[in-house]
Amino acid sequence: MDLNKIILSDEARKELVNDRRWLHAHPEEGWCVFETTWFIVRRLRSLGLEVLAGIDVIEPDAVMGRNEALVLAAQQRAIEHGVPKEFLESLSGYTGAMAILRTGRPGPVTALRFDIDALPIEETDDPQHEANAGHFRSQNPGFSHACGHDGHAAIGLALCRWLSENREQLKGTVKILFQPAEEGVRGAAAMAAKGIVDDVDWFAGGHIGCSAKLGDVGVSHFGYLATTKFDLEFFGQSAAAGSPEKGRSALMCAAAACLSLGSLPGHSQGITRVQIGKFISGTGRNIIADHAYMQLEVRGETTEINDYMAKNVEQTVKGLALAYGVDYKLTRMGEAVTYKGDEEAVALLKSAAREVPGVHSVVDMNAKIGSEDCTMLIRRVQEHGGKAAFCYYGCNHHGHHRPDFSIQDETSLPIGWGTFARFIAEINSQD
Amino acid sequence: MDLNKIILSDEARKELVNDRRWLHAHPEEGWCVFETTWFIVRRLRSLGLEVLAGIDVIEPDAVMGRNEALVLAAQQRAIEHGVPKEFLESLSGYTGAMAILRTGRPGPVTALRFDIDALPIEETDDPQHEANAGHFRSQNPGFSHACGHDGHAAIGLALCRWLSENREQLKGTVKILFQPAEEGVRGAAAMAAKGIVDDVDWFAGGHIGCSAKLGDVGVSHFGYLATTKFDLEFFGQSAAAGSPEKGRSALMCAAAACLSLGSLPGHSQGITRVQIGKFISGTGRNIIADHAYMQLEVRGETTEINDYMAKNVEQTVKGLALAYGVDYKLTRMGEAVTYKGDEEAVALLKSAAREVPGVHSVVDMNAKIGSEDCTMLIRRVQEHGGKAAFCYYGCNHHGHHRPDFSIQDETSLPIGWGTFARFIAEINSQD
Amino acid sequence: MDLNKIILSDEARKELVNDRRWLHAHPEEGWCVFETTWFIVRRLRSLGLEVLAGIDVIEPDAVMGRNEALVLAAQQRAIEHGVPKEFLESLSGYTGAMAILRTGRPGPVTALRFDIDALPIEETDDPQHEANAGHFRSQNPGFSHACGHDGHAAIGLALCRWLSENREQLKGTVKILFQPAEEGVRGAAAMAAKGIVDDVDWFAGGHIGCSAKLGDVGVSHFGYLATTKFDLEFFGQSAAAGSPEKGRSALMCAAAACLSLGSLPGHSQGITRVQIGKFISGTGRNIIADHAYMQLEVRGETTEINDYMAKNVEQTVKGLALAYGVDYKLTRMGEAVTYKGDEEAVALLKSAAREVPGVHSVVDMNAKIGSEDCTMLIRRVQEHGGKAAFCYYGCNHHGHHRPDFSIQDETSLPIGWGTFARFIAEINSQD
Amino acid sequence: MDLNKIILSDEARKELVNDRRWLHAHPEEGWCVFETTWFIVRRLRSLGLEVLAGIDVIEPDAVMGRNEALVLAAQQRAIEHGVPKEFLESLSGYTGAMAILRTGRPGPVTALRFDIDALPIEETDDPQHEANAGHFRSQNPGFSHACGHDGHAAIGLALCRWLSENREQLKGTVKILFQPAEEGVRGAAAMAAKGIVDDVDWFAGGHIGCSAKLGDVGVSHFGYLATTKFDLEFFGQSAAAGSPEKGRSALMCAAAACLSLGSLPGHSQGITRVQIGKFISGTGRNIIADHAYMQLEVRGETTEINDYMAKNVEQTVKGLALAYGVDYKLTRMGEAVTYKGDEEAVALLKSAAREVPGVHSVVDMNAKIGSEDCTMLIRRVQEHGGKAAFCYYGCNHHGHHRPDFSIQDETSLPIGWGTFARFIAEINSQD
């Protein structure tokens, strides 16, 4: 394959932008990406690629942070929006998809992962805002693609077209993963557990924006904090305030949990974090609260440190429930590990990025903070002997997870596409 | 006046029951009793009594726990239900009323207080439930008269009819107060502050049910815990969990407040209580919460002890806000003092009750727990030299503040009426 | 017996004062009252009374708050001060005594209890101070009779002389208990458990001073808070601060315990208290503390409420130890129940006091605060069908448990003696 | 100077060992190193070096963690041990010293720092223990050189002899600092503040042992956590437990402080730590504690992070004192910053170490945990344009800060000496 010819045609570039805009207008959250999955699957089928979706790419036992009521509502909405019932049934309630190109020729297995979910953030109504000015603003009130996963998914689709059109120049196997529920680091673990990347030799993932500006590609050697997300509930006994001996306050137990969890000991080997972000308890001033609900997360500079923190959370919560005479339920809602790239894969991704039109600089970029569940897939690949790397393709955003997030210049999308296409080409092209 | 003739006519008894049922079907909450007030005022006018209502019986500066948005919505609903706009305007946003009978003859001033507000409790749909079987269930979804104030108000109206019909047999002045917002002990302080009971020589209040069963009248010598209700808010600084140094967690401050307030020192002179009943904070797991909202209350066996507790709350909250680098707002939402009846008034109420048809026993009944804001009016009366007492007229309920609260047998209402009518008669009747 | 002749002779009065001064000069603490016990036993023997002491009046299994090392040191000191070794051996390490007068004539069993221990308070060196001016100041540095138990014991001895001298005028049986370890409410439970008051028909105890001034005798119908005293230890894992994951901080667990115990819910039926008075933990700034030691107590307006509090302490501590991954040891160091006198016994004590020379007034005096372990003996008597009462004989002190506590005027002692002697005489004298 | 001739003579080696053993036998703590200072000063004078000591090398305003009572007792002991009074007076209560060699020839200023204080750890009585077997065990009960500063000081003295003997081969100026109170990171700040290293061009410090084994020299590019040590006291109001409203519990405030300080938010830029190591409060179970004393420390991966933590401690403590109505005193007892070596100095130190007889390997060794107040001097040097580095010279110890700490093989001492002598020689030798 002539690597210099890995350039998007005008038509393909137009499709890439249009796909991204359609996805932007139809944001879906977490495990609820039914319309999005249907959009992707329909396209993959039209491209003649092998397609797995829903239950075929997700291991239910490893699913975290999935709310059945939200899923049912999302399915209903998808039906109203024209997604075929049979298709939905085939998913068994799960979303996400994977395209597979089996060239039939011997060669390595390469996989790329794109996350496709949106956020529960109402998009700004500022008329200057990219999606408002461009008339592709979110049609799903209360939700928007405020982290750029619309771009990720569109790049994944453009890669699939390129794979389909260049299948004769390629060897081995290429897999393109479209992952739900990256927000809250919930989805990757279930894709990894399904075993669909166990045969992968080379793996890459990436993210638009973050610390990278337009024209920059950052490639990571290591980074991300490992994290575990928990929902925590305490179940006490309600009583009138006048009869305190008849009640068991879930609220007071939860308050004590905030302080005990907040003051968990750290770790000599690196950063630890505990964050309690939500606390809902009680029905009225003079009623002893019989229920408390908390959302929290721990992080660690290494996976081991994070496991240590998560284990401490479990012990602390169990003990406090006993102390306050209440029951509890601690649920893992998401999980990600730290990232340690394989130097060969990192080098490949770097060399791929350097040749992409529009790229001004390729730099080392290691995330000291934040978490990303692509690390769960990367760990799985590495456990099975594969090599993996992660990168950022820049855009001139002014902040993720904001109502006014925008990638500003859609020329960032072909850069992402080009980096990944060249990565595949360097690995799977026939000489 | 011939005391033996203080008996409800069949017609009056029917009106009493019908009034109670109409009020039961139209429950309104706290400061929002606009339809209820209109129902009362219209009747009082028809009886030819002097009437004050809204701003004329409520001192705005002393109002606690009033939510403007709820008041506006309630006014709107009242208009839709046919309450005249001019009447609503005359209230200046406040509810409650007072009837005055000035006989023109020299004599003492006697006042009785009836509370008229409902609770935010959805009435049970059990068909056996009194109001369902009798077809007068709450027409205001989410609200019901689950503490019997419908009966209180109806008795007050029946007393007004009796006053109107017997004005020639009476001397001095009689005032009948219809008080909003007893729930949360919010309303009495503002009626007291208005000065409308400053000239009162004899005062009585009462409650249906509680520890008294049908046929019993309990009269209190002392009782009730003094209490102060607080809403507490902390205002911090939001930040991503990954940048903890940029945030100030209102949630963590509120959790610390739970423990520090919960462990406030007690008092050598009697019972103290702290109860935190509600805690709402945070928007998401990985966002440092910039706001926390709490509902709490303190109680004390005496008014002094309660004041000591309330002062400690203020100091604790101020210090914790400083410690956590957050702002705070602590609002008094309600207040009641302890009750110490005047023995002369207690004796009068007892002797009045003993002669009422249907009363089997009259006993001492002193509330060790709970609070009642009638105590605020009683204190005001006593500060101005008047004498006061409080009583319970029994009914066979199976628990207040429950979806299935019911007074079961409406013969309890004439007993309440009879007790108060005789109380007035013993004081204000012409020999 | 001629009750009018129950008056101390000048000689007996002198002995009473001298005994009290000797005891004051030789204060011993808690379970360590070996010299005191020897002083008492020697006297009782000389009076020809039956005497039980040490292990014969104390049930070891029910002993609380006894420190073996302190006991051994006290025994050593007693030996140095001339107490015979054989006597000490006969005690088996326990102190306290009981005198018994068996008249041989049928009649009731009457018992009186006197507590004999001192406090770990250094006596003031103010030359005006009673014991300094009178040259009988504490010879045991760091300890003093700062609660008047020296007077109690001396009165008990004076009663024994009177019993001995009047045995022919008496019938039935009289027991005089000399109890160790009242401070910390530790000793009475073990005397009660020994069964030595199980046959008692009439029982009285009392205290000098408190709310009673010289010339007043207060008799209690009810009173005292029930209480349980705890020592609490947490055992964690030490580690350098730099390796927090290797440690388990007993200090942090103990701090959390302060807040959780401090915020234990109260009780609808009355006053509750939690007090943590001592907290010792840690060896250095940068070492994770592997040990924490706390002294705490709970109280309740009734024995049931106190039991509820004590049970909550147990549950809370167990849960927190689990939460923090540490071990714990919770030890009951003392216990007292509430007091409910028998009206017949109260009346007897009142009538006895009224006739005592020097008594100006006999009043009802019910302790709202504080605790007294005589209640443990009283409960035992009442459980076996006996009747009991408790009283105060006044003195012009200016505060108990202070370095400068003094009874000021030793004429208070004959008043205490007279009240108890008449109490016995009214019950056990032969007509 | 012929660098190959920088070898200790047998005599000098014997003196080095003898000095170390004498110092080991005479351990002194923190700011109390009077005998040690006299031992050093006497030697320096005999070597004909310029000497500054006590107040001349310590800036009183910058002194942290100095206890006047301990200092006075140490002075007294020094006098008893023969240290001349006039010498002690010349120190004005401060310890530590600096030798200066001014060659009179132009050239750079080089400084080396040796810390000289011991630890409050009782030396083991295991006969196998190095100092017991060698008959130089600590003669100061409760104290020992359990961190090897005896070796540090002895090496410094050996360097002074070498400087004295080789002064003609050197140019510029050389300063040898003997620093008190490194334990608790208390002393360096006051030496830095005195300005005595402001003219320094090249600076080196080091430590025996740590992660380096015998034959290894580790040189640091960066490392150490910045730290601030605090003593914290709360002053409340004592009262009997029965009258909680009269007290203000310093104990409860301190317990709340443990949880609030323990749960201080972290920092996005690196590791943070809070450690509370000591907590002493209260006099008895039923007395509200009027005093609490705590020892704590914070650390940060950078000096900025540590400052952020220290500032948060200040704010938290101030607020909690207000919340609990108590007074407080927060005292800085020690401080160290992070270390960032200058690459030129690091390279010099490495090349110096490589040539030292007995050195098998020279490696990069950067401390991830722990703190060292030499960083305060290094920062001062760097602020004035000098270059600095830090190293470890190995020994086969089995753990610092233990009763059985020993350097095992005294051949580690000449390695330390050799490294520093060559460092000086490379900088200050005349070609």
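As written, the chains take the letters A, B, C and D, and residue 1 is the first residue of each chain.
Please note the rule applied: a contact is a pair of C-beta atoms (placed from the backbone, for glycine too) under 8 Å apart; a residue touches a chain by one contact, two chains touch by 3 or more.
According to UniProt, the chain labels map to these proteins: A, B, C, D = M20 family metallo-hydrolase.
Quick caveat: nothing in here was measured; it's all calculated off a predicted structure.
By number of C-beta pairs in contact, C-D leads over the other of A-C and C-D. Taking the mean of the C-alpha atoms as each chain's centre, subunit B and subunit C sit 49 Å apart.
Between subunit A and subunit C, the centres computed from C-alpha atoms are 69 Å apart.
Here the CA centre of subunit C is 53 Å from the CA centre of subunit D.
Listed for subunit C are residues 242-244, 249, 252, 256, 258-260, 262-263, 266, 268-269, 273, 288, 369, each touching two or more other chains.
Judged by the touch criterion defined above, the protein chains are all mutually in contact, each touching every other.
Subunit D makes touch with subunit C in their complex at residues 184, 225, 229, 240-244, 249, 251-252, 254-256, 258-259, 262, 273, 275-289, 292, 295-297, 299, 333, 369-370, 401. Remark: subunit C residues 242-247, 249, 252, 256, 259-260, 263, 265-269, 288, 308, 315-325 touch subunit A in the complex. Within the complex, the subunit C residues that touch subunit B are 258-263, 266, 268-274, 368-369.
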